[in-house]
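There are two complexes below, and they share chain A, which is joined by chain B in the first and by chain C in the second.
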Partner chain A sequence: MFDIRSSIINQKKYKVFYAIIPFLALFIALFIGGVLIFFAGINPWKAYNYMLQSIFGNIRLFSEVFTHFVPLVFCALSFAVAYKGGFFNVGGEGQLYFGALTATLAGVYIQGLPAFIHIPLVLLTGFIGGAFWCWIAGILKIKLGADEILNTIMLSYLAILLINFVVMYFLKPANSYISQSEKIAKSAYFPKLIPHTQINLGVILSLLTVIIIYYFLYRSPYGYQIRAIGENSDAANYAGMNILKGTMTVIIISGGLAGLAGASMLMGTQYRLTPAFSPGYGFEGIGAAVMARNNPWGIILTAFLFALLRVGAGAMQRGVGVPLPISWTIEGIIMILITGSEYLSNKFSTNLIGGRA
Partner chain B sequence: MAHEIILSLKEITKTFPGVVANDHINLEIHKREIHSLLGENGAGKTTLMNILYGLYSPNSGEIVFNGKNVKINSPRDAISLGIGMIHQRFMLVPRFSVFENIILGQASEKPPLLEKKKLYKKIAKVAKKFNIKLDLDIPVENLSVGIQQKVEILKTLYQGADFLILDEPTSVLTPQEGQNLFKDLLALKEQGCTIIFISHKLKEVMQISDRITVLRDGRVIGTKEKFETNPQELSRLMVGREVSFTIKKKDCNPGKEVLSIQDVFMQNRKGLKILKNICLNIRAGEILGIAGVDGNGQKELADAICGLQKINSGNVKILDEEITESNPRKLYEQGLSYIPGDRKKYGLIPNFNIAENIVIKDYYLPPFTRGLFLNSAYIDNYSKKVIATYDIKTPSHLVQIKKLSGGNQQKVVLGRELSKYPKLLIIMQPTQGLDVGACEFVYNKLLEARDKGVAILLFSTDLDETMNLSDRIAVIYEGEIMGEVDPRSTDVGEIGLMMAGSKRKKANAIERG
Partner chain C sequence: MKKSKVFLRVFVLAFAILMIFSTLAMTAPLKIAIILPHAITSEGWTKSGFDGLMKAKEDFDIETSYQENVSEGELKGALRGYIAEGYDLIIVHEMGYNDPTLEVAEESPDTMFAITYGFKAADNVAVTSGTNWQANSLAGAVAGLMTKSNKVGFIISNDSPVAHNFLNAGFIYGAKRINPKAEVITTFVGSWSDVVKGKELAKAMIKQGVDVIYSQCGVVNRAVIEVCEEAGIWAIGAVEDMSYVAPQTVIANALAPTEYLVYGVIKEMVEGTLKGGRVVKGIKDGAEEITFNPLLKDKLPENGEEKIMKLRQEIVDGDITLEQMQEELNKQNIKF
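Entry: the complex of A and B
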């Protein structure tokens, strides 16, 4: 006979195991990264030490972490929401760009508004821009059954090239030789939380968005519906849910969040649109979401970790000459380990409870 | 007379995480016998046979085949020993002809060439030897299920198997097709084949077997000669207690008409007619059973009533209200409950917990939702109540539904739907994959609902079940109702003929209303 108690104990063990995996992955990845740094001819211990010391010993570098943190949180949330709703949005990068474009238009061409109106307005246009770009992929999927993984990623390249073009031919001031837009109005700048640093309103907004998304997904009936559709759209359909509407909502929110990433970069740190606007936050956000297993709270941690790695990699390169790609390798290894562990933990958790009825 | 033992399994044990599927199983199979493995779902029959066929490897134990200790690591090993298995779901390519299906996966003698003519002759020879009559050139998709099964058998024989394992072979057949299969099996036995027949149906087992081994909870309970035993004894061994075969049913007191379906036609995308001229009605407090072989339009009919598929013409009314253009959510709110057949696919969200699954249709309605947010306190209490009322065995209401056994899952679905006191319940395959205990529970709950005045439309491919539960039976064949009968005055044979497509004569139809 099957023992119910033992299965509960197994479940607890399994939950601990499940929670530990991302940390385990991080340490293994740092270890392998250390081996690579060693082969690059550098003492890994010294390199990591240098990285931590320079980040936490220097307010300017530390505040730079938040420059990366804010868009990473938005991009990771964008992926996570879509994933929960059964839509695989890997085009956050393009939606970020398109959101930045629309936000730039609202930031540059609308002048003379007070900040408390201008800031929300630019954020909203950024949201709409990102949402629109994701909607294209969504409508292609819904109407034609086209695979969203291909669509979103292809639309990413399209967005980046499109923005290059728009900046070069339309947004660039006539008297300028540099391909970049004009600065947005001061009224659309995020106020700094700590003067002379990069820590601005965006940090608060991103954390607020985490809370909103969490409550939306796990506490609201609409979020419940979205998760149901994502888990099993057949059952959701049979339960009377409107699959099309639900999926469309997910697509809009997901794209909008990526658009917010673009808007927040524009308003917090960049102030103008440039061809190489994002260093790949859209893609890295997917990594942060996967490592957090698409849990909004976890995303705060993983986005911060990835931002740290980014700043740290730069510091290690400047300080001790560790090649930049090694930090990408570390992120890549984390991803592989986590996706692999997903398979293993699924295998461990297939036991039945309650025996035969 | 001493029997030659062709196969003996010794102390076979196979565990899956948390479950012992086979617990020290000892089994001896005689040469040229039909040996039945009888047991409930989850008793370990299929696991044991999958071990024998090389799909699973046992944790411990030995397999002795033809006097030799063998290790079977893959189906290929099994086939080279002459062991063949016919699965519940056929593994045939629909577009391919019978011939192509049979040679599929067989190494050619002269690679890379395929000597079609030679192979064709070879197959014909095997077919002739075992007296299997088949047209080798017809695409498999044009064949009935019964014939497709023959193709599977011929394929196995052609591969050189003389030891056949059939996993629940009759579950997809009409009663007549089942009888034909039995004739074939007896013929195979005459030709020297040994057959293991897996089933949970007592009647069949008593008809076809030479010996019967009963499994329960992964253990061998006993092996009996058919002539020494009877159905009562077997069912006691199988379940572990006395089982009553008849369902206690009060007389039916039908009330007013709840569902009326008139002249419903449906075409699929290819323009094939899925439903033809369907006319049915159900009144409060009665069970209308729809008998038929799986895939004859049952799912489409149920989906159409529930607003999940569009019909081309005709109309559907619930309590005199036209619902043809309605949607599932509105219908649910009007008192229509639908329990679809494949519960893991359509009825439940496996990764959601029990509570989340219980509120899947009501989550947006107050008091399940209060203001902007779900009312988790209410949802918890409500689901705990359902768990208690429907005797769902689980340590908590927050356990993922996929971790429950099939019986408990079905109780969750049943609890969810019946707790809302529907006016009309549409239920498909209510007991598929459930053991006898859970079946009894489901039957009692259905009859209880009926006696309270729920109109029930029952779709089941299990004819015994349909006969036992229903107050009236309509038989569906290729999307058409072949006629309506009274289960008390009709025998299985007649319904079987209708399931195979013969229309009931108008004169015999029972008067309605």
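Entry: the complex of A and C
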């Protein structure tokens, strides 16, 4: 009796510990980053102060955070869904690019539609594009047993180069010297929620998607099946679940979400496809998902944090000349600490409650 | 009564101090920023632009800031950041960022913008550009002059319309002009900083029999020159004087320092003459040039330098234009 109670108490403690870890990691990373900034010859206090001031002191600058937040949420969800279903999709970047390509086609070449039809249409084509690119890696895994980590990451580079080629030789207006597609139709622009800021429909869509994915994964029977497959596909098979169908669904949703990231960037901020379209949201999304332990609600926080760091890195560089690599180092340290803490906390819990958590 | 007088005095004093500070703020130095597509350590294009800003900082009373490694997705945020911080002139050092910059410039008509090597300007957007072809065609001419195998190599960073219509056309024209038998092999690295790939491409060229290589590709330039040094063939430096990298290998330098353009824009801004619009500067204005490595001048063939200088003079006089060159190449059925 006493044993069970103490283990429950420990589990509660353990949960608190679990929740604190990311914040602890953030503070340690900021501290180490501060030391690095100090050695770069800049007052770290001034740098961080400037960073906070420039982000939160001005609504227009604050709204820039959302230009990074929206694609990061989609990319992180993309990784999280796949991870829960036992598929390791590290090619979000490529799927983002391919989704952006198909969305561009629908945005540029379909003209004259009202916005309430055009926006969902472009989003849908973006979803299909990303899903298709992920499906290639998926079908290779299912039919041939090819490793999806390798294939998704290779397909990423393929997609980036392919978009480079397509933009240059097919999408570029004939009289332009700059390698970029034409602008998408105005009817496919995300309407701005607050004028003169970057807060647009994409923010609502990304948050809605988080809710949908949460209910799908944790509250629907099909989501339960998918999680069961991800945990132990043999057991799921024994329980009579259709493994192939489940995995395929996961692949399509995961790729589609990354494609939506591309479409939302296109419709929310950039409006045209260029060869260097994404600054690595696909890869950073993986970080955000891992940090949130693949929990959709957590992803909102971590994606926001990563977006803040991105805007903050730029602000620190502009204002006090902190070199960009230092800001990247801070981000890297957060990642290392989080993954490291996962190992440590697992060990900690094993010692404490005999590996039952 | 006395107390209120003290208050009055303090108030007046405070007001005076405030006035002094506000006039100081009004005569505060111009705030000038540059947005760079790659790291400032990236030799050639990016570093040269950054050097222009640093040089201007020494010469004029200005406050400067830079943001490096700004990708397409972060550009608008960086621009808006500078606008919010009250910068007077924001220089965007990448031609591909032309349209997004114009869009942001429309939002804030009081701020001045400049784009190096851009194509489209506006009332508050000044475009300052080199010709993209004059120095390159002279580099081609030098390559045509020096080759013995009649095969010359040209390494370009990204496959783009500018690369084809300006850089490559100029280089091929120059090479053919001096040496009609010369065959030009052009390859694209696809990056400004992929040193390993650049080296591999240079080695592959050398295997094909190329004996002069001109690399116009940021950090890769240095690596290509090193490969040329190992293989014992000629190299031509780009953008900046690269002779110091391999004094016995770099025969000439096709200079097109973006430093000059950036500095020029800032100078005009300080003098108050900067206006929106596109200005193209070439050899005539001192924005581009061909220089020979003084250590290797005796290695040039007879009358070699005169031939190059004659072509240079034709370009300066306007006897050769880009359109003529392209037409000429089309007539000869040469793809560029």
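Please note the rule applied: the second predicted complex is superposed on the first by the 347 of 357 C-alpha atoms of A that agree within 3 Å, B and C clash if a C-alpha of one lies under 4 Å from a C-alpha of the other, contacts with A are read in each partner's own complex, and residues count from 1 in each chain.
Methods note: a residue touches a chain if its C-beta (ideal position, glycine included) is under 8 Å from a C-beta of that chain, and two chains touch if they have at least 3 such contacts.
As the structure is a prediction and not an experimental result, all values here were calculated from the model.
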| item | value |
| --- | --- |
| Which of chain B and chain C A:231 touches, first, second, both or neither | first |
| Contacts of A:276 with chain B and chain C, given as first, second, both or neither | second |
| Touching partner for A:168 - first (chain B), second (chain C), both, neither | second |
| Contacts of A:318 with chain B and chain C, given as first, second, both or neither | second |
| Partner chain in contact with A:39 - chain B first, chain C second, else both or neither | neither |
| Contacts of A:67 with chain B and chain C, given as first, second, both or neither | second |
| On chain A, the residue positions that both chain B and chain C contact, one per complex | none |
| Chain B - residues contacting chain A, complex | 16-20, 42, 217, 306, 308, 327-332, 338, 340, 345-352, 356, 360-361, 363-364, 368-369, 372-374, 376, 391-395, 399, 402-408, 410-411, 434-435, 437-438, 441 |
| Touching residues on chain A, where the partner in the complex is chain B | 1-2, 4, 6-8, 10, 215, 219-221, 224-225, 227-228, 231-232, 234-242, 347-357 |
| Chain A residues within the chain C interface of the complex | 54, 58, 60-61, 64, 67-68, 161, 164, 168, 172, 176-180, 196, 198, 265, 269-270, 272, 274-279, 281, 310-311, 314-315, 317-319, 321, 323-324 |
| Complex contacts: residues of chain C adjacent to chain A | 33, 39, 65-74, 76-78, 80-82, 84-85, 95-96, 98-100, 107, 119, 158-162, 165, 190 |
